[in-house]
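Okay, got some structures for you below.
There are two complexes below, and they share subunit A, which is joined by subunit B in the first and by subunit C in the second.
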Partner chain A sequence: MPLPSSYSPNYFSIDDILATQERTPCKFLLNVPKMGQLNPSAAERDLKAGTSLELPLWLVIEMSAGRQPIITPELPKVFRESYREILKADACAVDLHKYSLHFYEVGSYVKHFDRRGDVHEILLHTFKTRYRQLMDLADNSVSDPSVQHSLDTLEKRIFVASHSARTKLNSWLIKSGSPLEAAELVVNHKKRKRVDVDDMK
Partner chain B sequence: MYGEKAYALVKECANHENSLPPYNASLVQEVSNEIRTLVEENQEDAQTSTEETSDSGSVVSTIRLRHAAVKRNLRCLMAYHYNRLRLLRKMRWEFGSILPADIKSNLSPAEIEWFAKYSRSLASYMRSVGDDGLNLAVDLKPPKSLYIEVKCTVDYGRYELNDGTVLLLKKDSRHYLPRSECEELVRQGVFEHIL
Partner chain C sequence: MKVSTIWQRQLCYAGQLQQCGDEVEFLGEKQIITVVPTFNSPVLHLISGDVGPFRAGLPTNVPMWLAVQLKQRQQGKIQAPDWMDIDRLTEMKENEKQSQTFTKMPSDHYMVEAKILLDCASDDIPRADEIRTIIKDIWDIRMSKIRTSVNKLIKNADSYAGLDNLTVMEINSIRPILPHALDQIYRIKASKKLRVPSQNSTTFHTSSRPSTSFSS
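And now, the complex of A and B:
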C-alpha cells in the first residue's frame, strides 16, 4: 500500500522512489576521481569532466545542486521539444504509459532543468486535456479495458479511485443500504490462496 | 551502479500492494553492506584528501557522489520497512489479532514482535475507553437493524454466541443473528451478509 501522495517530498513514498530511479542524460563539469565505473563504455579509473552519461534522477538532483554543481542535467527525451509538440497537438491520443511510467512525477523534477518553463506548461496542459477523458473513462469503464493501458501511474491511481467512488455511489443510489463486507486484505488473501491451489494441481 | 539493490527492494513493495511478500533479509543485508562500504571508502578518502588534491580533480566530488548514494540507500531501506509496517498495521484491523499462518511466515522476527506489541497497545487502549471497554473494530458502518441474515461461506465449525447457544456453522448454511455477534466474522470473510 503506497502512501497516497508523493507531491510534498514524502520520504517514505514508494512512488517517489520509483520515479527518481528514472534516468536522465547529464554532463560532468568536474573530474571525479575513482568513479570511472559509472561510465560503462570506458575503462578509466577516473571520471573525466565533459563525459555525458545517463544517470538516475536521485543522483542527478543531488549532484547538480549546491554552490558548486558537479554535473549539468539535461532533459530526458520525452520532455524535449519534438515530444512536447506531439503533446501540444493532442495529448489524449498519446500513449503516456510508453512515454514514461511516472510521467508527471518525473516531469515535476525535470522541469527545474528547463529554464524557460516550457516543460512546466506542457505538464499542466497534458494533465488538463487528459483529465476530462480520464473522468469519462472512470464513469463508463465498461467500454474498453485496453484504454487503461495508456495511462501513467498517477492517472491509473486517479482512475481506480474515481471508478470505485462511482461504483459505491451507484450501489448506494440503488439500495441505499450498504451490506457488511469482508475486509479488503482478507478478500485478497483468499484470492491468492485459490491461485496457489491451482498451481499445485 | 549504486542503489540498484535498494531499488529492487522498493520495487518488491510496489509489486505487492495488498499482500506481504516474504521479508527479504538477504537483500536488506546486501544493501546495508553497500552502505557500509561506501561510508568506509568516504572516510578513507576524507583522511587522505589533503595530500592528493592535485592531478585529477578534488576527491570532494567523489565523496559527494558516494554520500548521495548512501542517502539514497538509506531512504530505500526505510521506505521498505515503513511500508511493510503500514500494511501490517492494516492487517491488525482487518484480520484481527491472530494472523493467518501463511502471512505470519512471511514476517521477520522484528515484525512479529512489533505486531504483538501493537496488538497489545491497541487492546489496552480499547479497554480504557468508556466504562467497560469499547471494541473499535466493530460497527464500522452505521447499523440499521439489530439482526441480520448471513450466509456461511466456509466450514467454520462450532461457534458459541454470547447467550450460550452453540451454532454449527457449515458451508452455505443461513443464519439470522444479532449484528453485533457476527460483524467480526463477516469482516474475516466467514460470513456473507445478505440484504
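And now, the complex of A and C:
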C-alpha cells in the first residue's frame, strides 16, 4: 500500500519540517551580539545571557547541541509534568490535536531535553493507550465523528489508511456477484503507433 | 468454452487488483474444487496448469474461478467442499468459541470460498442460507479474537505474536493499522538512544533519527 514518503523523517519530509516549527522555550546562556530583534519585548541590540525566549524547535536543537551550547532548551508546555500526569491518567480522553498538531514527532525530538526519560515513557504510553481507540475508530468511524478531531497528525494518517482498508474489506464482505469490469489498462489498450521520427524533431 | 474469454478475464482482473479484499479473493480463487461438468472437452492447457479432461457426469477438479465460469454458463454443477456442511461447521463454531486461541480452519481461504460459492451456486449447496449465517458467525468470533489479541500485543509490548491458523483474509483485515502502529512504536523506541543533546563530539550534527523504510 502506498504511503507518502514524508511518513518517515527525512530531509524533505514535510511533516518533519512542520513539526520542527513548534515553538520551544529556551534560555540563553551567552550574550549574543546583534540578535536583539529575536526578543520582541526588548529594544536592545544585543541578546543578553539569561533571556528566556521561544524559538522554533529546529533552531533550538542546533543551538543547544555541540561543545559550547548557546541555549538550554526547556520542554514545551504539553510535555511538562502536569500535562504528563493528565496523559498518564487517561490518554484516551485527551484532545491530542489541541495539545500539539505533531505530538509524537515533536515529542521524539523534545524528549532528549528531558534527561530522566519521562517524556519517552509518556510518548509510548500515550500511543499504546490510544491505539485501541484508533482501531475502534478505523473500524467504525460513523459512531462518533468528533473523536476524529482529537487525533494528532500521525494518528490521523494511520486512521485514514486503515479506515479506507476497512471500508474496502467491508464492501467486499457485503457485495455479491458484482460484475467484473475491465481494467482501464485493457479498455484503453490500443495498438501502439509507430513513432514518426520526423515529427519528433 | 472459449479459452480466450478465460484469458481476458484473468488479464482484466489482474489489472484492477487493490490492496484489499479483492486481492485476497483473487488468490483464493485458485483453490481447487470439484465440479460435475455437463459437457465433453479435452484437456485445457492454462498457465496455472492443465485442467480436465471433462466428461459429462464425471467429477473433475478445477480452480474455483473456472468452476464459477462453468456454473454461470450452466455447463456444470459445483460440488460443495467437504467442510461446507452444517454439522461440521457447527462443530467448528463451538470449538472456536471454546478455544482461547484460533482453531484450524479447513481452508486457508474459507471466507472467499464460502462467499463465492454461496453467491453463484447456492442451488448446488444444501442449506446454503444456514451455512452462510454460520460461516459469518465463525468469522465474527475470529475477528473479535483478533481485535483483543492485537490490542493486547500493543498494550503489553509483547515482542511477538503467533499467527497460527489465521487465514489470509483475516491477516488482511488488520492491515495496515497494525504494521503502521508497530512501526511508530519502533520509531519512538529507536529514537531514544541516538540523539543526546550537547554531545562533545561535533559542533553541528545532523539529526539521525531512524526512518521507517516506507517509500511510495
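Please note the rule applied: the second predicted complex is superposed on the first by the 163 of 201 C-alpha atoms of A that agree within 3 Å, B and C clash if a C-alpha of one lies under 4 Å from a C-alpha of the other, contacts with A are read in each partner's own complex, and residues count from 1 in each chain.
The definition used in the following text is that contacts are C-beta pairs under 8 Å (C-beta built on N, C-alpha and C of every residue); 3 or more make two chains touch, one makes a residue touch a chain.
This structure is a prediction, so every number in the text was calculated from the model and none was measured.
In the superposed model, A:59 makes contact with subunit B only, not with subunit C.
Greater residue coverage of subunit A by touch, when subunit B is weighed against subunit C, goes to C. In the superposition on chain A, A:138 makes contact with subunit C only, not with subunit B. Contact with subunit C, but none with subunit B, is seen for A:124 once the two complexes are overlaid on the shared chain. Judged by the touch definition given at the top, the superposed model places A:111 against subunit C, while subunit B stays out of reach. In the superposition on chain A, no contact is made by A:42 with either subunit B or subunit C. Of the two partner chains placed around the shared chain by superposition, subunit C is the only one that A:161 touches, whereas subunit B remains out of contact. Shared-chain residue A:93: touches no atom of subunit B or subunit C. By the document's definition of touching, of the two partners only subunit B reaches A:31; subunit C does not.
Common to the subunit B and subunit C interfaces on subunit A are residues 1-3, 62, 177, 180-186. Those residues of subunit A that touch subunit B in the complex are listed here as 1-3, 11-15, 17-18, 21, 30-35, 38, 46, 49, 56, 58-59, 62-63, 70, 175, 177-190, 192-193. The touching residues of subunit C, counted against subunit A in their complex, run 8-9, 11-16, 18-22, 25, 115, 119-120, 147, 150-151, 154-155, 157, 172-173, 175-177, 180-181, 184-185, 187-189, 191-192, 195-200, 202-205, 207, 209, 211-216. Residue ranges on subunit B touching subunit A, taken from their complex, read 1-3, 7, 10-11, 13-14, 17-19, 45, 56-59, 61-62, 64-65, 68-69, 71-72, 75-76, 78-79, 82-83, 86-87, 90-91, 93-95, 100, 102-103, 141, 144, 148, 183, 186-189, 192-195. Residues of subunit A that touch subunit C in their complex: 1-5, 7-10, 61-62, 64-69, 73, 104, 107-109, 111-113, 117, 120, 123-124, 127-129, 131-132, 134-135, 138, 154, 158, 161-162, 165-166, 168-169, 171-173, 176-177, 180-186.
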